[in-house]
Amino acid sequence: MTAFAQRIWASTLGRHLLLAGLGLVAVALVLENTSAFRNGQFAVMAYMGIAAGGLTVLTGLNGQLSLGHGAFMAIGAYTTALLLDDYESAPPLILVLLAATAVALVIGAGVGVAAARLHGPYIAGATLALAIAVPGIALYFQGTLGGEQGLTVVVPDVPNWFADAAYFITANDVSSSKYVAYIGWFSLIVSYVLLANLSRSRVGRIWRAVRDDDVAAEIAGINLGRARVLAFVVSTACAGLAGAVLALAVRLAAPSGFMLTLSLALLSAVVLGGLGSLLGALIGAALLTFLPQVVTSIGLDAGLTDLQAAELAPLVYGLTTMLVVILAPAGIVGTARAARRRRRSHP
Amino acid sequence: MQQFLTTALTGLTQGMIYAAFALALVLIWRSTRIVNFAQAPMAMITVYIALVIIDAGYSYWLGFAAALLSGLLLGAVVERVAIRPVEDKPHINAVILTLGLFIVIHALAAVIFGSNYRSFPAPFGLSGFRVGDVNVALTGFSVFTILAVLAVMLLLVLLFRFTNVGLMMRASAFNQEVARLLGVRVTRMLTQGWALAAMVGSLSGLLIAGGNLVHPSYMDSVVVFGFVAAVLGGLDSPIGAVVGGLILGVSLSFVSGYIGSEVIALAALVILMVVLLLRPGGLFSHAPARRV
Amino acid sequence: MRTWSRRVAVFTSVLAAGAVLAACGAGGRPDEGKDSTEDVVGVTEDTIKIGAHFPLTGVAAPGYSEIPSGHKAYYDYVNANGGVHGRKIEFVVRDDAYNPTQTSQVTNELVLKDRIFAMVGGLGTPTHSAVVDFLNGEKVPDLFVSSGSLQWGDDVESKPQTFGWQPDYETEGKIIGKWVSENMPNARVGLFLQDDDFGEDGEKGVRRYLGDQIVATERYTSGNTDVAPQVAALQAANVDIVLGFNTPSYTALTQLTANKLNFDPKWFYSNVGSDPELVGSLLARFSEGAVKDGSSLLDGVVTTEYIPGVDTPDDPWVKLWQEVWDKHGSGGKLTNYRVYGMSQAYTFVQALQSAGPNPTREGIVEAIEQAGKEFDGPALAPFRYSEDSHMGISGLRVSELSGGKANPLTPVLTTDIGDAPIVKDHSGAASDAPPEDGIPTG
Amino acid sequence: MLDIRDLTAAYGPVTALDGVSFTAPEGKITAVLGANGAGKTSLLRTISGLLRPTKGTAYLAGKDLSRVPVERMSRLGLAHVPEGRGVITELTVEENLRLGGLGRSARAKPADLERIYTLFPKMADRRHKTAHVLSGGERQMLVIGRALLATPKVLLLDEPSLGLAPRIVAQIFDLLKSLVESDGLTIVLVEQNARSALSIADYGVVLNLGKLVVHDDAAVLAADDKLRHAYLGF
C-alpha cells in the first residue's frame, strides 16, 4: 500500500470514503448485471436500507425506540411528490432529495423534543400514534395531498450527462427504473458514510453513553435532552430521504403505503440485522426486500393456494424475527461477530 | 342534542372497549414490565375459538368461557415459550418479539380461519333504548360491556392492592432478585401475569366482537388506541387505563362525528402528546417514571 | 486496519450475495416467448400468461381476496375445454396487501420476471394508480381494472393500454341520483361515503341530480369500524334516505348501528356495498333475539345491479358460474366476489378470442377498442369501449331487495360520465344468455 | 448454625470464591471483611443460591443448601439483604414489609408488622407512601425490618453501612446488636467498613481474592495490626 493510501486509510473519513467508493463500484456492477426486475428490488432495498440505517442509529446507539418512522418516510415521500408534480418546472432531483430530508428533519426535531422527555414505552406509544396519525393527514387535506388516491410522482428524465456517462462505462442504456435504483444507492452510500462518521465521532460516543447509563452520562456533563433530540433528528432525516427514494421508486405517495406495517418492518429489519450496526441494517433491508418474494414462490411451488402462499410470507418473516430475538438477540451481524471472536480466542 | 347524546354514549362504549384492552396491557406491564403488542392477535384467535364453538351450535356463554380459558392458556404458553428467553434482555427485544408474534398469529389465523368477515353474536339485545322521544344509544350489550370492564378494573385494583398474589406479581416485575430472596416464585408470577392479562385481552376481544364483524385484523385499531389509552392513564394504573380509555373513546367519537373520521388518529396523537408533556408518566402515575 | 479491510470484504460480499440472489431469479426467467414465432411476451404455442395484483393479506383481504379465485376457476374451465385458440391461460396472482408500495413491487415482478402478456383485473384505486404509468410505459395491456374509478378509461391518450370494466362510480351515482329525484322528490337525502375516489366520484354523480335535496354528507375512513358518529350525524340531519357508497362490511355496520340508534330511514346502497347474500348472512347472525329476522333485514333496501349475482340462481349466467365453480372452484361456495371475478375473466377470454389466433399486446388492445362494444357477457349493459373511451360497462338498473333477492325497479339505464343523458338500454345485453359451452367466441 | 464447607463459585471463567470454609455460630455476629473484589458479596450470593457453587456447600442448621432454589431460602430461615438495600421503591413502605412476611409459613402477621412499626416509628407514619420517599438510612431500616418479618434464623447483610452517615451506621449496628440479643438471630455481616463491623461482631472472617485468609475472634482481628494494614485498611 502506498503512503498516500495509508494516510487515507488512517483517517476515519478517509476509510469511509474509500469504502463508499468501493461500494459505488459494487452497486454499479450489480445493477448493470441484473434484470430490470432486480433493479427495482434493489431500489426497494435502498430505501429500506436508508431508513433502517437511521433507525439503527436511534435505537441501537441511542436506545430510543421508535414505532413511527414510517410517518417520516411519508413526510419525505409527500414532499417529493409535491415538488415533482409538475413535469416542466420540477426542481433538480438533488434539491428534491435534500428538501425531503430537510422537511423530515424539521418535523423530526419537533417530535424529538417531545419524545426526549419520555421514557421507554411512553416513547413507543407516542411514536405509534404518530405512525397511524400521519396517513390521516393526507386524507384530511385531500385538496393538496390527494386523499386516499395519493399524489403521483413524475420521475424526471434521466439527465443526459448521467445517461452518457453510464453508457460510456457500461455500454448499457439507463432505464428510468435503473436510474431510480442508482439514486437510491447513491443516497444510501452518502447517508451511510455520514452516519458512520457521526457514530465514530464524539456525538456517537455521547449517544452510546446516554444509551448505556443516562444517569452517569448526565453526571458526566452530557445534556441528555440535546443528545436524544439530535439522534432523533438524524434518524428522521434518513427516513425523509428514504421516503423520497420510495416516492421515486413507487411513483406515488399514498396513505396506504405508510401504514403501521412499514414502521414495524423497519424496526424488524434493524433487529434482524443487529441493533446499532449499519451493515446489519443493510442486511435487514435485504431480507425484507427479498425474503417475502422467495418465500411466496416456495409456497406456490409447494402447492399452496395463492391465499396460503401470501400468508406464508408474513408467517416466515414473523417467525424469523421471533427466532432471531430469542436465539440470536445480537442480530445477524452481532452473532457473526461474536462467533468470529470466539473462533479467534480459541484457535 | 340527540346527536350529542348519541355521540357521547357510543364514545363511552367504545372507550370501555379501549379500556378493557388497556387493562390487559397494564396487567402485563405490571407483572413483567413488557408492553405486549401481540395482545390483540392473541385475543383475536381466542375469539375465533369461541366462534367455532358457537357455530357448532353450543351456547354463547360456552364460547365465551372457552375464549377466556384459551386466553389464559395461551398467555401462559406464550410467556413460557417466547417471552422467558428475553425477560432479562433489553426492553426492546421483548417489544420486537411481541411484534413478531403479532405477525405470526395474524398469518396463522388467516390461514386457519380464512380472512373473510364473520359475524359474532351477542348475548344481549343490539337495539338502543328509548326514553320518550330521546333515543339512548346504549344497547343491552353495551351495558354489559361497560359493567364487565368496570368489574375487571375493580378486580384488578383489589388484586394488586390487597392480595398477596398481586403484591408478589408487582414485586417480581420491579425487582426479580429481591423478590426471589423474599421467597416469591418469580417465574410463576410472570407466567400468571401473562395468563391473566391474556384472559383480560380475550375479554376485550369478546366485547368488541359481540354484535359485530370479526376478521383476522378486526382488533388492529384497538392495539393502537388501547395502547394509547394505557399510556394516557399511566401504564401502571388499572384505573388510569379505564380513565384513559374513556377519555380517548369519547373524544375520538366527537372528533369522528363533528370533524371527520380520518383525523381520529391525529386527535389521539394530540391528546396523548398534551397529556404526556404535562405528565410524562401518564395521568395516574404515582412513582417517578422508571428507566427501562 | 484489519477490521476495516474485513468490513470492505463483508460489504462487498453482501452486495455480491445480492447479485447472486438476483442472478438466481434471473436464471428462472422463463423465455418461452422465444419459442413462439411471433415472439410475444407471455405467449407461447400453447400457453398465455396473465397476472394481477390483489389484496390477499391485510385489512382489504376479506372479500376482495375471493375475486382472483373466480378468475382462476373460469380460466381452468376454459383450459379444460381446450383453451383459447389452443392456448391455456395461466393466471398469476400476486399479493399487494392493498399497499401501493407493494403493488409497485409485485407488478414489477409480474411484468419483468413472470413476463405476463397482460394485467387482468388488478384491484384498487390507490394501488393500481401506483403502476398504471409503468404498465402503459411498458406497453402492457392493463385490462379490466377492478375499481370503478374514472381514471381507468376516460383518458385514452395518456393511458392507451388501460381499460376499466365495471360501471364507473360517477355513472352509478348519476343513475342513483336521478332515481331518487324522480321517486322521492321531497326526501331529505343523506350521503354515507367511503373517504376515497369511490365516495367522491359517486357523490359527483349523485349531485348532478340532487343538488338541494342533500342535507348531510358523512364520510368514513376504511378500517375505522365505529361508524356510530357518522350515522348519528345523519340521524340528526333528519334524513329520509341514505345513499351509501361503501363496502359490504360497512353496509352491515351501518345497519347494526342504525338499529342501535333506532334510526330507520330508507337505505340505498350502491352496487359495491349491497351484496345481499353476504350482508344478509352477516346480519342473519344477529337475528338470534337481537334484531329482526336476518334475511328480511335488508328488505326495502334499494341498490343497483350491473351483473347477475348469486341471489338469482336461475339466471343462465349464474347457472354457468355455479357449474364452473363446482367443477374448478378452490373450495367454499360461490360468492358475488367470485362471480365478479368470473365475469371479468369471461370478458378477458372474449377479448382474447377477438384478438385472433396470434394475439399480440397491440392486437388485444385494438380488438377491444374495435369489438368491445359488441362483447356479449353477463353485464346487463354494453361496454363503452372504443378508440376514444376505455370505460367499462355503461349502465345498471335500480333494484329493491326483498327476501334476499333483488327485484328490478327500473329497466337497465345507461349513461356516461359528464353531461351524458341517462337513457334506457335497448341493446338487449340484459337478456342474453351464455353460449352452450360457456365460452365466448369473440 | 451456618456451616460453610469448601465453597467455590465462579462468574464464567472468573473464580469468585475459592474453597472457603468457616462456621457462623448461632446467636452471634460474624463479620466478613476484605477489600473490594475479595469475594464478600459472592459469598453471600452463593449461600443464598443466587450464584450456584461449583464445589462445596453451605449448611443451614445441618441442611444442605446447594440444591435449594432461591425462593425456598426464606422459608428455611435464611434472609439475605442484598447490597444496594433492595427496597422496591415503587411499592409502598407497608407493601415492602408485607412482602417480607410472605416468605415464611403462616403465623400472625399483623402483630409482626406492628412490631416493626414500634421498632421504626418513622415507618409507621409513612406506611402508605411509596418507599421512594425514604432516606438511605430509613431504607436500610426498612429492609432489615422486612427481613425480620420472615422470622429468619440467619440474616445475611451486604454492606448495610454503604453511603450512610456514621451516626446512622451506629444506629443500625446498635439495632443489629439488640436483635441478636432479643431474637437470638445469627448474622453474617459483609462490610467494607471493618472498624465498625468488628466493633459489634463476635467473629471475623477475612477474604482475599476469593480465598479465606483468617477466621478468628473479632477482638483478635481488630488487634492484629499487620492484618489490619494488609487487608482491612484501618
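Assorted remarks:
We just call them A, B, C and D in the order they show up, numbering each chain from 1.
Criterion: a contact is a pair of C-beta atoms (placed from the backbone, for glycine too) under 8 Å apart; a residue touches a chain by one contact, two chains touch by 3 or more.
Since the structure is predicted, the reported quantities are computational estimates derived from the model, not experimental observations.
Among the remaining chains, the Cα-based centre furthest from that of chain C is the centre of D. Separating the centre of chain A from that of chain D, both taken as means of CA atoms, is a distance of 52 Å. Chain C and chain D have CA centres that are 75 Å apart. In this assembly, the C-alpha centroid of chain B lies 36 Å from the C-alpha centroid of chain C. Spacing of chain A relative to chain B, judged by their CA centroids, is 32 angstrom. Each of residues 107, 110, 115, 220, 260, 262, 264, 290 in chain B touches at least two other chains. Contact of a single residue of chain A with at least two other chains is seen at positions 136, 139, 307, 311, 314. Of all residues in chain C, those that touch two or more other chains are 57-58, 65, 195, 221.
Viewed as a network of touching protein chains, the structure does not reduce to a path, ring, star or complete graph. Touching pairs of chains, sorted by label, consist of A-B, A-C, B-C, B-D. Remark: chain B residues 164, 167-168, 170-171, 174-175, 177-186, 236, 286-288, 290 touch chain D in the complex. Residues 9, 15, 19, 22-23, 26-27, 29-30, 33-38, 40-42, 44-45, 136, 139, 147-150, 152, 176-177, 246, 249-252, 254-257, 259, 261-262, 279, 282-283, 286, 290, 293, 296, 305-307, 310-311, 313-314 of chain A touch chain C in their complex. Across the complex, chain D meets chain B through its residues 48, 50, 70-75, 79-82, 86, 88-91, 95, 98-100, 102-104, 130, 132, 146, 150. Interface residues of chain B facing chain C in the complex, by the touch rule stated above, are 2-3, 6-7, 10-11, 14, 107, 110, 115-122, 124-128, 130, 135, 137, 139, 142, 211-213, 215, 217-218, 220-221, 253-254, 256-258, 260-262, 264.
For chain A in complex with chain B, the residues that touch the partner chain are 59, 63, 65, 114, 117-122, 124-126, 128-130, 132-133, 135-137, 139-140, 214-215, 260, 264, 267-268, 271, 275, 307-308, 311-312, 314-315, 317-322, 325-327, 329.
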